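The structure is given below, and queries will be raised subsequently.
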Amino acid sequence: MTAETSRIEAFSDGVFAIAITLLILEIKVPPPGSGELSLALARQWPSYLSFLMSFAFIGIMWINHHRLFTHIARSDDVLLILNLLLLLGVIVVPFPTAVLATHWGGTNQRVALILYNSTYVFIAIVFNLLWRYASSDKRHLLAKDVDAASVQRISRQYALGPVFYLVCLALSWLSAAASLALNFAFACFFALPPHLVASNKNRAGQYRRE
Amino acid sequence: MTAETSRIEAFSDGVFAIAITLLILEIKVPPPGSGELSLALARQWPSYLSFLMSFAFIGIMWINHHRLFTHIARSDDVLLILNLLLLLGVIVVPFPTAVLATHWGGTNQRVALILYNSTYVFIAIVFNLLWRYASSDKRHLLAKDVDAASVQRISRQYALGPVFYLVCLALSWLSAAASLALNFAFACFFALPPHLVASNKNRAGQYRRE
Amino acid sequence: MTAETSRIEAFSDGVFAIAITLLILEIKVPPPGSGELSLALARQWPSYLSFLMSFAFIGIMWINHHRLFTHIARSDDVLLILNLLLLLGVIVVPFPTAVLATHWGGTNQRVALILYNSTYVFIAIVFNLLWRYASSDKRHLLAKDVDAASVQRISRQYALGPVFYLVCLALSWLSAAASLALNFAFACFFALPPHLVASNKNRAGQYRRE
Amino acid sequence: MTAETSRIEAFSDGVFAIAITLLILEIKVPPPGSGELSLALARQWPSYLSFLMSFAFIGIMWINHHRLFTHIARSDDVLLILNLLLLLGVIVVPFPTAVLATHWGGTNQRVALILYNSTYVFIAIVFNLLWRYASSDKRHLLAKDVDAASVQRISRQYALGPVFYLVCLALSWLSAAASLALNFAFACFFALPPHLVASNKNRAGQYRRE
């Protein structure tokens, strides 16, 4: 984080924080006349699952955004636009998640799942575009002390994103449960620091910024 | 950004971030019994269009706000009030956009469009007031190292704003589609950095703050 | 602003920004079948007035909060609690405003007005408590370079607050319109920088922080 | 606060600020035709109590988060995940509070109270995990100038949290009012600075950060 990128991060943090907090508005309180409360609460499990998945995804996206901007020290107009596109993805996430929670188990489950997975394909592509733009040698947007190996590890991990989510998308036609489980597994993969993914034995996941 | 203006920016970033994130609340999930989900989702296209337009407008307003405060280093009470007026515009945007989305294609389309374009006339005027006030020689609110040509380029680009949106407003009586398309084209114009607009061949849009 | 108070300010800015932005959610879009749109929009004037008054009040409270923390350099646990009480007032404002907008002109107008003015009495008292606590000589929470005259001017202006709003509250029984107009006039008074109020001819309202 | 943890704090502040501000949305304006307004407002007391309790809890959690990050100077991936788990608790709080407010005095009061107290057991455990992880000698995440006694006092105060809230949970089966009152008393206990709790006579609760 530098003075130059700090306002981008502040604005992005605001969007992430609001998007993740608004999720709770989707969970409804069972009204007084709805019988045994414990049963009424238990029946709402798709809402809780949907809430937790959206929470995990937006949280992991924030960790990744944080990770990228640990390396990015300068910004320009294209980076601002790419960052806005990424935030568009963050803001949109609750919508396909709610569609999926509403239509899970119904006749429209596949359409809901396709919408859901498509959102992640979009986000994975934008994450790649932003990082490739920022880390390009021509533009000098990265901090001077960033080491090349670390940049490359992120590039390699992120390049897998669109492929991963296209696989999830294809799985929508075969098995809804498998597609969703794989989608969640991929999110966990992106929560891992890139140097673990790349099986390197250096720094223990601790950030160092100078 | 200086310590002096940093709280104005933090507060403004918060308002921009919330206004842009609240937009998603306008998009409703089709309920389970509403037939083919893909059709139900497709029928909601005015909501998506309205969401994307508001998103683009607020995002571009944020980029412009960011750009202005790259040059502004000091604040006074009048600037605080002008900034509040600008935030008033940001907060209001979702309302005329939702009115337009709801009444598009109906008998009240023109009234909705007039309301919509009037909001942008207001915002364009406030952007000019804020910038003219801040960049005035008497007040010394700009950073010392800001170059005069860059200030002039912003002034020239912004002066076009109220004229542009008055044209859109006038077009409301002739062609709704043309008025809206022009409004969107103008937003893209303000996403461009001022030095590109002024056809200057210097710095490639990269911010440098010392 | 110092490192020590910066997180209090960041959290407070967030609360102010969200409270002021949520206000727009109260303004409803007239549905397609509600006749002439311009009339339907015009009929909603109490919502617009309520929105603008809440916007102005929260905005002016933010300016005052900003002004106080320009002088406050250190924090302790009591200050944190007093600041939370102030934020409680900020968060609550939209509720009495909505009650007033809903019941304006009806048989319950007086009760709504009493609730409304009571909120401002509460906020005025908390502003005094916070400032008196922070500016007390014993605690050394103010920045070292703050000049005593400036501190005294703020103290004098703020001491008027509870008195002012108690007058508004008393007026609720005599004239609703007068009470509301006076309430708004007092808000404008607190938007003025303290040195203008104290009729001093020094610094032109420009903040200087070192 | 250091540059390294500042973005975690900014994101967390955003979440705290939004969660605390969204609480007001739960309080409804009595509609015009609902008789005597003062009675209608008075009948809503469980909503006000619920609002104030959630406000106090989230506010006190923010103070504690602030207190911890006064000591934490570095972050790593595990800390990011633990902080996300803590924010999950913050975001969720309004839901069990609303369930309790809705079902207070009804046949489902006990279930609502169990849900409510369980949330606090969860949050107390996560606060312990985060602090134990951060303050562990192996990881060096604390600021260098933090004194060991202060760290130990926090550890001791926090260790009581899960025990406290398990007692509240057990009380749900005996007396709802006692369980709730004790829960509130414990919140006040965590608002106290750790050195007061530990009955030490040193620094008067004033933060000093270098």
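Letters are used for the chains, namely A, B, C and D, taken in the order the chains are written, and counting of residues starts over at 1 for each.
By definition in this document, a contact is a pair of C-beta atoms (placed from the backbone, for glycine too) under 8 Å apart; a residue touches a chain by one contact, two chains touch by 3 or more.
Model, not experiment: these values are computed from the prediction.
S.K.: Please compute the angle of the rotation superposing chain C on chain D (C-alpha atoms), rounded to a multiple of 5 degrees.
M.R.: That pair's rotation angle lands at 90 degrees.
S.K.: From the C-alpha centres, identify the chain that is farthest from chain A.
M.R.: Greatest centre separation from chain A goes to chain C.
S.K.: At the chain A/chain D interface, shared numbers over all numbers used: above half (same) or below half (different)?
M.R.: different
S.K.: Give, as an integer number of Å, the spacing between the C-alpha centres of chain C and chain B.
M.R.: Inter-chain centre distance comes to 27 Å.
S.K.: Once you find the CA centre of chain A and the CA centre of chain C, what distance in Å lies between them?
M.R.: 38
S.K.: Where in chain B do residues touch at least two different other chains?
M.R.: In chain B, 10, 13-14, 17-18, 22 touch at least two other chains.
S.K.: Note which residues of chain B are touching chain C in the complex, please.
M.R.: Of all residues in chain B, those touching chain C are 3-4, 6-8, 10-11, 13-15, 17-19, 22, 74-78, 80-81, 84, 87-88, 91-92, 94-95, 98-99, 102-103, 106, 108, 111-112, 115, 139.
S.K.: What residues on chain A touch chain D, complex-wise?
M.R.: The contact residues of chain A facing chain D are 1, 9-10, 13-14, 16-18, 20-25, 27, 29-32, 36-38, 41, 55, 59, 62-63, 66, 69, 191-193, 204-207, 209.
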